[in-house]
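In the two assemblies presented below, subunit A is common to both, partnered first by subunit B and then by subunit C.
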Partner chain A sequence: MHANRIEKLLFIGPVIVLLILFSVFPLLYSLFMSFTDFSIARGYTNGFIGLDNYVQLMKNKQFLVSIFNTAKLIVFGVSTQILLGFVIAKLFKARHGSRLTTFLRTIYIIPIMVTPLIFGLISVYLFDPVYGIINYILQALDLGTMTWYGSEKTALFTIYIVDTWQWTPFTTLLILTGLLNVNESLYEASSIDGASVLQQVFHIEIPLLSRVVGIAVIMRFMDIFRMFDLIYASTKGGPGISTEVISLFAYRQSFNFYKTGFGSTAALIALILTVFFSSKLNTYLSREN
Partner chain B sequence: MVLHLPYLFKEVCMKRLSLSLVLVFILAGFVFANGAVEDQVTLTAEEEMWSSELHDWSGKTIRVMMIGDPWIDSLIEISKNFERITGAKVIVDGYGYDQTHEKEVLEGNQPNSDVDIIVLDAPWVGEFAEAGYVENLKPYIEKEDSDLIAWNDYFSTFRDVVTWKDQIVGLPFASYYVMGNYRKDILDKEGFDFPVTTDDVKAIAKHFSNNPDYPNMYGVAMNNQSGSAVGQAFFEWIYSFGGKPFMSMYPGSPDSYADMTPNFDSPEAKETVQFFIDLLEYQPEGALSIAWDDRAKYFASGYVAQAFMWSARMAMLEDPNKSAVIDKVDFGLFPSSEPGKSAPPLGGWLMGIASNGNQKDMAWDFIKWFCSQDVHQEFVMAGGPPSRYSIFTDPETTAKYSWLDTLEDTVDRSYADCRPRIPESNEIITTVGTYISRAMTGELTVDKAMKALNVELAEMLSNAGYNVSK
Partner chain C sequence: MKQYKKMFNASIVQIILIIITLVSIFPLVWIVLASFKTELEMFRVQGNIFPNSLYLDNYKEVLFGNNSRLQFLKNSLIISLLSTFVVVLVSSTAAFGFAKFKIKNSQHIEFWILSTRMMPPIAALIPLSIIIRKLNLFDTHLGIIILYVLFNVPYATWMLTIFFRQLPHEIDEAAMIDGCSWFQVFRIISLPQILSGLFSVATLVFIFTWNELLFAMILTGRAAKTLPVAITEYAGGVFIRWELMAAAATLQILPAIIIVIFLQKYLISGLSLGSVKG
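Our next item is the complex of A and B:
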C-alpha cells in the first residue's frame, strides 16, 4: 500500500510541481506585488503600500470603463456566438455527410486556427475605412461605408464583429457535436405526434444540448474576459478609451509604464471577477441540467 | 562459367557502383572546394583599412536589438560587410515600438544578456542611463582617433539628445526630424505655396477635402491614434504653437527638467489639441485610428495632400516600389502657429552597448564601424536616416534625395528635449495621448481633458520625486 502511494506520487508529482511553479507561485507573487509600488524599471520606491493600489484602481476611470467594455463584449459576444453557432450547426446537420458540407465546414473553421493577434492584424486591413475590402463591398452594394475601428462609436462594435467572426466556428463545432448525438428516434416520434421544427428545437434539442452549450458559454466567457490580442493589434484601447478592456489596462500598467505593483492589482481583480462569474455560471448551468 | 554469371554480374555492378560513387565524391569535392574558394573574402580597399582597425571576431556572434523601422533591412544588408571584415556573425532582431522598449527594459534588468547592442529611442535616454542598461560611451570614444568618430559631424541637436548628465548613452546613427510633405503637383495647380503656418495647413486641408475636382483625396493625415501616437503628436506640435508642456521644458531652456509642473491647460496646449480636432474632418474616414504607418501609407498612396512625417519615411516616398507619388512630392519646414516660430520635432535612434552584455569590445567595434562617416553614407544611400552634416555635402546622397536641403534647414532648429528623456517619458506620452484622444472623440471637452491631465501628471511626477509646484 505504501508502495502504491509512492507510485501515485511519482506519477502526479511532476504535474504538481509544474502547477506550483507556473500557477500557484506566480499567483501568490502577483498578490504580494499588488501590495507594493514595485516597478520593474525602478525597483521599490516606498515598498509595502497596503491597499493603496486597490483604492487607486477603484478610482481610476479608465479601469472602470475597461470593466464596462469587457462586460459589453461578453454579453453581446457570447450570446451572438451561441445563437449563430446553433443556427449554423443546424444547417450543417441538415446536410451532414455530404462532401460539400464537409468541404464548407473545413473552410468555415479556418478562423479558429489563426492566432488572435494575426486575425486582429488582418482585420485592421479588412476593415480599413479607405483601403479595406469590407467597405469596398459595402460600397459596391450601395450600403454606404463605416469607420469601423476609426470611430469611438463603432470601434467596440467592430471588435465584437471580428471576435464573433473568429470564434463562432468554435461554438458551432461544439453544438454540432451535441446535435449529431441527439437520437433520431426522438425527432421521428415527435414528428408523428405533430411537433413542428421549432417545437423540436425548443423541446428536444435545446434541453439535450444544454450541457454542451453551457461549456461553450463558459469557455467563450473566459476567453472574452481575457481578450487582449485583438484589441492590442487593432485599436490599443482607442479611440479615446472606447475599446479599453481589463487585460489591456493591466498589460499597459505592467509593461508600458512598468508599474508592476499596480498592474498586478488590475490583473488580480480581473482574475477574481473571472473566477467568480465562471463559477456562478457553472453552478447555474449545473442546476439547470 | 554459366554458374558464375550471377556472381560476375554482381561483381561488375558493384564495381560500377563503387566507381560512380568515387566520381560523385570527387565532383562534390570540386563543387564545395570551388564554393569554399568563392567564400574566401575579398575585401575592398576601405574594408582592408577597417580590418586593421577592427578585431578578428571569427566564430563570434553579435546580437542587435532594435526597432523594426523601414530602414532595418538597410542596416542588415550593410552589416554583412562587418561580417566580411571581422568574421563575426551579426544577428539583428527588430520589433514594434512598444515591444522594443519592453524587451530592452526586460533585457536590461537581467544579470547577463545575449544582446550586445541596444538601439534605443531618444526619449528613453534618461531612463536607460539612470537604470544602467547601457554603457557610458565616453571612455570608448576618448580612446579612439577623433577623425574616426567625427563627433562634431553628428547633428548638434542629436548630439545633445544622446548626452545625459555627462554620459554619452549611444552614438546617434539614425536621427529623425519631422518635415512637411506636400503634393507639389496639386498645390501648384491650385495656387498654394507650401504651408508655413498652421492656418496654411488648415486652408490646404479644407481645400482638398470633399473637393469634386479631387475625388478620393483628403486634405491631411495626422497621427491621431489614442495613446503614444497622438501623445507624441502633441509633443511634436506644442513648441511650434509657442507652448511648453512643463514649466521648464521649452527650446532654449537652461535646464528642461528643473520645474516639471505640468502646463497642459495653457492656452497654447489647448490650441494644439483644438488644431488636432479641427483637422479631423479633413482626414480619411476613421481618422481617429490613424497612426504612423497609416499616415505614411495614405500619403505615399496619393490619398492626402499633406502629411508631417519623420524624415525616416522620406526615402520610401522616392522609392518606385513603395510610392505612388514619386516626382509629385515637395518637402518643407515644419509649420508653426506664427511664421518663424517653427520648432521641428526631433527623435530617432542611438546605438548603445548593453551593460550586461558579454562582448562589449565587439559591440564597440560594430558601433564605431557602423556609425563612421563612410559606412553612414552607405547606410543613407540604402535608405537609412541621415545623422551627419557630411551627408549634406556628399554628391551621391544629395543627387539621390531631394529632401536633404529641407532636412539641412531643419536639423539645427530642433529642441533636444522635445519629448522628455526621463524614465517616466513613456507613461507621460501615453497618458497625454489618452486624454487628448478622449477630447478628440468628444467624450471630454478640451478644457476638461487638459485640466484632468494636468492633475494626473502632477501627481505622477510629484510621486516620482520631480519638482512640481502645487
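Our next item is the complex of A and C:
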C-alpha cells in the first residue's frame, strides 16, 4: 500500500518542521551570534567582531578548566558506572525471579527518575564536613573524614561520587536487560566444556553485552557532558573554579553576565565536541557488532 | 552439603542486594524523613536521620505559607501534562509515517532525529530563548511548553517508530482494501495496538519535563515558574531552610516514585527500548 505525497506530508511534515526549528535554526543562529558581541540584556548587537569570541575563549582559563573537568567526570564517571553496573546486574541476575529481588529492583531504580537537582541539594547536606552524615559514618568506622565540597581538591571528586550514586542504577538496569537476554544454553554448554565463571564472563557475556554496554556508555557520556543541574544545586562551579563545567560556563556567560555572543561560542564548541565524540563512539560500536 | 552451601551463597547475595538497594535510595529516604523534622531537629544530631514525630508544618508552610510554592507546583503539573500530550500527539503520527511509508532518505532523517539527542541543551537554548523573548512568550506557560515540545518530539518519534515497525502490515492492507484511509488505519487499527508503547513514551516525556531545570530557569520569571526552579531558591541564600526545602523536594520526587512503583513495566520497556531493538 502506498501513500501519496500529501498523506506523507501530513504525517511527517510537522516533525520535520519541528526538527528544523529545533536543530538547524539554533545552530545557524548560534553560529551567527558567535561572531558578534550580542547581549541578551541589550537585545541587539553592535555588529560583527570576527573571531574575537573564539580567541577570547581559547585564552579563558575558566573555559579550559571547564572542558578538562567535564572530561575527567566523563572518563571516571562512565567507567565506574559501567563496572559497578555490571557487578550489581550480575547480583540481581543471580537472584532473578524471586519476589524479593523484583521488589528490590523496583526500589533500586527510583533514583533514575529523580532530577539530579534534588540529588545535588541533598548531597550538600549529606557531605557537609560538619553536619553531614557521610563524615559521621566515616568517623564511626574510623576511616577519617573528608572536606568534600569544601575544598578545591575534593569538590570535583564529590561531584563524581554523587553522579555515580545516582546513575549506577541506570547502567545496572540496561546491563541487566542484556544479561537476561543471554541464552541460558550458552552457559550450560560452556560449563560442560569446563569453562570457569570468569571465562564465561569474558567469552560469553562481554561480547554479547557489547551493544547494551555501548548504549549505556553513549547515554552516560552525553548526560555527563551536558551536566548542569547537579553542579548548579551543589557547588555552582566552586570553590574557585574547581567544579566548573561547560554547560554551567555557557549558561552563566549568556544569562548572568549577559555576554550572550561569548556564551553561544562556548555552547557551540560544546556542541561540536559532543557530536564529534558521539559519532566516533557510535561508529566504533556499530563496527563491534 | 553442597546444597547448603548453595543456599548460603544465595542468601549472602540477597543480603548484599538489600544493602545495595538501601544505599541507592538513602539520599531520597533522608530527604523525605527530613521533611518531617523541625528546624531545630535539622541541626541537632548528626547521625540521626529519623524525625521525632510526624511534623507536618513544613508542608503547610511550603504549600500555604507566606511564601507559598503551591502556584509553582500547579505550573509544573500543567506544563508537564500539556507538553506530554502534545508530544505524544505529534510524534505518534510522525512515527506511524516513518514506520509505514516509503520515505526518501528516511535513514538520514532518523539519524538527524537521534543526533538531536546528543546536543547539549544549552546550545539550542540560547538562540531559542531569544526568540521566545521576542515573541513575548517569556514567563508564559505557552513559551515553555513550546520548548519542551521541541526538545522531546524527536526522541519520542524515534521510540514510537520502533513500536509501529513491530506491527504486521497485513491488517493495514486489508483495512485499506475495505476503504479505510491512512488516517483511519492509524487511529483505529495501529494506535490501539501500541497503546502500551505510547504509555511508556508518555511516562518518560512526563518525567523529563517534570524534572527539567535549565529551560525553566531561563524562560520563566514569576508567573510560569516551575517547582524545580522554586526549589533552587531555597538553596540560594546564606541560610538554607533545609526542612522546608526537604518538603518541597519531597513533593518534587513524589510523581517519580509513584511512576516507578506503579508504572514500572512501561518505564523499563521505554528505558531499555534502545538497548534491545534499535
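Before moving on, here are some points about what is shown:
By our rule, the second predicted complex is superposed on the first by the 282 of 289 C-alpha atoms of A that agree within 3 Å, B and C clash if a C-alpha of one lies under 4 Å from a C-alpha of the other, contacts with A are read in each partner's own complex, and residues count from 1 in each chain.
As a convention for this text, a contact is a pair of C-beta atoms (placed from the backbone, for glycine too) under 8 Å apart; a residue touches a chain by one contact, two chains touch by 3 or more.
For clarity, every value in this text was computed on a predicted model and none was experimentally measured.
When the two complexes are overlaid on their common chain A, residue A:Gln62 makes contact with subunit B while staying clear of subunit C. By the touch criterion defined above, A:Trp148 reaches subunit B but does not reach subunit C. Residue contacts after overlaying the shared chain place A:Ile40 against subunit B and subunit C alike. Applying the stated contact rule after C-alpha superposition, one finds that A:Thr260 touches subunit C and leaves subunit B untouched. With both structures placed on the common chain, the touch criterion links A:Arg252 to subunit B but leaves subunit C unconnected.
In the superposition on chain A, A:Gly238 contacts subunit B only, with no contact to subunit C. Of the two partner chains, neither subunit B nor subunit C is touched by A:Phe157.
Contacts of A:Pro26 after superposition: subunit C is touched, whereas subunit B is not reached.
Judged by the touch definition given at the top, the superposed model places A:Tyr54 against neither subunit B nor subunit C.
Of the two partners subunit B and subunit C, more residues of subunit A are touched by C. In the superposition on the C-alpha atoms of chain A, the part of subunit A touched by subunit B in one complex and by subunit C in the other spans residues 40, 131, 255. Partner subunit B is touched in their complex by these residues of subunit A: 40-42, 45, 62, 128-131, 135, 145, 147-152, 155, 235-242, 252, 255-259. Chain contact summary for the complex, subunit C toward subunit A: residues 10, 13-14, 16-18, 20-21, 23-25, 27-28, 30-31, 34, 43, 46-47, 49, 90-91, 93-94, 96-98, 100-103, 109, 112-113, 115-130, 133, 149-151, 153-154, 157, 169, 172-173, 176, 182-183, 186, 207, 210-214, 218, 228, 231-232, 234-235, 242, 245, 249, 252-253, 256-257, 259-261, 264, 267-268, 271-272, 274-276, 278.
Put simply, subunit B touches subunit A in their complex at residues 98, 101-102, 105-106, 109, 127, 131, 224-227, 284-290, 297-298, 301, 303, 423, 426-427, 430, 434, 437-438, 440-443, 463-464. For subunit A in complex with subunit C, the touching residues are 1-3, 7-8, 10-12, 14-16, 18-19, 21-23, 25-27, 29-30, 33, 40, 43, 88, 91-92, 94-95, 98, 100-101, 104, 106-115, 117-119, 121-126, 131-133, 136-137, 140, 165, 168-170, 173-174, 177-178, 181, 211-212, 215-216, 222, 225-226, 228-229, 232-233, 246-247, 250-251, 254-255, 260, 263-264, 267-268, 270-271, 274-275, 278-279.
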